[in-house]
Amino acid sequence: MMRFRNGDLLVTLALLIALPTVLPNAYWFDVTIRMGLAGIAVIGLNILMGFAGQLSIGHAALLAASAYTSAILVARYGLPSALAIVIATAGVTLISYGLARPMLRLRGFALAIGTLGLGIIVQIILVNEVAWTGGPDGMVVAPLQLGPWTISGERQWYVLVAFLLFLAIVSSLNLFGSPAGRALRALNGSEIAAQVAGVDTSIMKIRAFTAAGFFAALAGALTAHYSGFITPDLSAFMRSVEFATMVVVGGRGSTYGVVLGAVLLTILPQALGGTGEYEMIVFGLILMLTVIFLPQGIVPTLVAALRGKGA
Amino acid sequence: MSDFLQYVFSGLTSGSIYALAALGFTIIFNARNVVNFAQGSFLMLGGMITATLITAKVPLPFAVAAATVITVIIGGLVQRLAIAPVKDADPVNLVIITIGASIFIDGIAAVVFGKNQHMVPAFSGDHAIHILGATLLPQSVWVMATAAVLMAGVSWYFRATLAGKAMRAVSINSNAASLVGIRPDRTVLVAFGLSAFLGAMAGAVASPITTTVFDIGLLLGLKGFVGATFGGLGSAVGAVVGGILVGLFESLVAGYISTSYKDAVPFVLIIGILICRPQGLFGSRVLDRV
Amino acid sequence: MKGAPILEVRNVSKAFGGVNALRDVSFAIRSAGIHSLIGPNGAGKTTLFNLIGGINVPTSGSVLLKGADVSGWAPNKLAVCGVSRTFQNLQIFTEMTAIENVMVGAHLRLDFRLIAGMMKLPAFRRRDVEADAEARRLIDFVGLAAFADRVTAHMPFGALKRLEIARALMARPQLLLLDEPAAGLNQGEKVQLQTLIRTIAKEGINVLLVEHDMKLVMNLSDHIVVLANGCKLAEGKANEIRNDPDVIAAYLGRPVKVTKVDA
């Protein structure tokens, strides 16, 4: 799978560069940027869910925590937004690390519930601490400033997000074929055999959780400054389900797969008019159908089919 | 003192609901080793269908009966269509499927019943009962009594009927069970039906005093799961005790500390319990590594 | 510790709830070569094997490696001490290719930090390439060169058993535990297995195997330990064990009184 490595990266880069030329208007730029941000977030979730096989349905909590942290650092403490993003990302990554050890003592369903609980706790905090967060009505976020420049307008944001997404893709692909990546995938395949080979499975799981937190935090802080306005809904259960669905549908373990999942499933709520109940019906159906009929996800199934036909 | 008693009554009431949900989780977990995320949706359906039928002037007993029957059918469908086709044992896949089923059902409920809250009149009036300075709503008595009767019924079912024993056999060793002629697939179907029954009844009887809305299932179900894990996933007694304890804790925290963080309590609890005593209160000790 | 046995099991007992799987078992591996652990079904071989491998914890007694007490150590800590093993019913990483499976065996020798993996700097890349080359040599050594880059999910059972051996060897172990390596193999494969194990032992790796195939055991072993009913029944060289009346009785089902005392 990794034979054509550099080829596919070039194609991806070319695609990212060419894309702005075909996007017709600001609305499509917005959708694409949101796809990119979701892509960054799910690349992180993929490390935890896809590589290491640990189910998390609280990913949105970390994203929301970082978004609000960055927003508050600018609004309350007057920090420059670029610095706020860095601090928020680093901070939430550290919190992920701290949470990882207790969380990962839970296995399977219990872990799912634990991460879900995390999402609910964060959402409750965001709703209740009105003085800090603006409560359920949300809060306004300052635009992103890098030095003297304000990143404004869809093209500038596109460049930033596309660049970071590309870095994320490269990191993830590198990780997949590295000893760390193999160790994570091994512990997913057989935890006992991985231990016998010397893998400290507890520590590797914690690191995977932290890595997932990092990407979520980065995506979250960027989302805050891009949107200009955030609400506690960012931490909602459905948001976490969306991320998990992107990973499952695109293909657990596959970097390109989860990015594809992000692309497909970002458009979907938009196409459904963003009304909660239809999104729930469709996502619910997609989750069930994918696991039953396409359990490996789209990209791995395609790759396996091609491999079966060819070599 | 009367405050304390008030919180205890409130806690026992919600605890009874959580206990029934927890029992539902445990029954399915024992039959098929899967945590049914859709359990909460069963509770929601019980309440929503009852509410809708009562608004349509259907007499209460029929409304509750119909709600229960419909929910049981849906529970069976979930098992048949979503669980049974998945042959492989990967627990992550099964959890994902039941999450999908849960949001699917909730979404359909939102479309069919609308997103607004539904009001259900109390079964025997709102005249509060005064005990030692605390008030107890008649509906709370309904909830606790129903829960007690159902739990006794389930206990009898597992101990005294052949079907119940068959289910216990499947939970202990499904291969051995099939060798003596028990059909695990059928048993899992019954397990889902039974859990749906418990959930629907709990939802119906609680509907006058909880928010009856399409997405209440998630939170209720989760708290039930917390109760089940609290008691040690797999132990029916543990599930009931766990559910009641979660209700009590939640109520006491809401009363003495802060109401707005009430919903966070069960989750802080579960994280704490699973770290300090992973096997729960009633689970057996895990001796070895794998 | 100098002069200490490679592996020593000292008065080890293991109880699972009310069942005594092992009672006061002691033996030692002092010399290089191939050692076997045999016994009728239910003797406790797998339990003892799992204790040595760190999967279970002894109820009492100790396991020592080169004189150091490693009782109850987790498998990954034992791996640091040079213990590696295969599994009777296979624990293959099914989503990974054969070569990737083997490369996990090199885990402790490589840089397994996540950030290092993500950045993939040149020095890092070089070590990975070396590990890849070594893995391919091992895959070749066990005769699986054709499967190297294939995903393991559809490989035949016999091939997967050899793959596990390659993975275990990749860890450069000093003590290789083979859990019923011949189970499920046909006659031809068993002959290949014997040659393989002999070659491994010649490289200086101590091998301890649990096996049911008596012919294989007698052909290969320099030293045999016999368990029955959770106790050690006999210990010695192949022809001693072969002719030991108690051992024969245990296998044929006649009740045996365990009278042997440790030498």
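First chain written, first letter: the chains are A, B and C, and each begins at residue 1.
Note that in this section a residue touches a chain if its C-beta (ideal position, glycine included) is under 8 Å from a C-beta of that chain, and two chains touch if they have at least 3 such contacts.
What you are looking at is a predicted structure, and each value in this text was computed from that prediction instead of being measured.
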{"item": "Closest chain to the centre of mass proxy, which here is the mean CA position", "value": "A"}
{"item": "Per Cα centroids, the chain farthest from subunit C", "value": "B"}
{"item": "Centre-of-Cα separation between subunit C and subunit A, whole angstrom", "value": "41"}
{"item": "Distance between the centres, which are taken as Cα means, of subunit B and subunit A, whole angstrom", "value": "32"}
{"item": "CA centroid of subunit B to CA centroid of subunit C, Å", "value": "47"}
{"item": "Shared interface positions of subunit C, touching two or more other chains", "value": "54-55, 74-75"}
{"item": "Shared-contact residues (touching 2 or more other chains) in subunit A", "value": "192"}
{"item": "Where subunit B touches two or more other chains at once, by residue number", "value": "290"}
{"item": "Of subunit A, residues touching subunit C in the complex", "value": "47, 171-172, 174-175, 177-183, 185-186, 188-190, 192-201, 204, 207-208, 211, 253, 304"}
{"item": "Subunit B - residues contacting subunit A, complex", "value": "34-35, 81-82, 85-86, 88, 91-93, 95-97, 99-108, 110-111, 115, 214, 218-219, 222, 225-226, 229, 233, 260-261, 263-264, 266-268, 270-271, 274-275, 278, 290"}
{"item": "For the subunit A and subunit B complex, residues of the former touching the latter", "value": "49, 53, 55, 57, 102-103, 105-106, 108-110, 112-114, 116-118, 120-121, 124-125, 127-128, 191-192, 237-238, 241, 244, 248, 276-288, 291-292, 295"}
{"item": "For the subunit C and subunit A complex, residues of the former touching the latter", "value": "53-55, 74-76, 79-80, 84-85, 87, 91-96, 100-101, 103-108, 110-114, 116-120, 124, 128, 131, 151, 167-168, 171"}
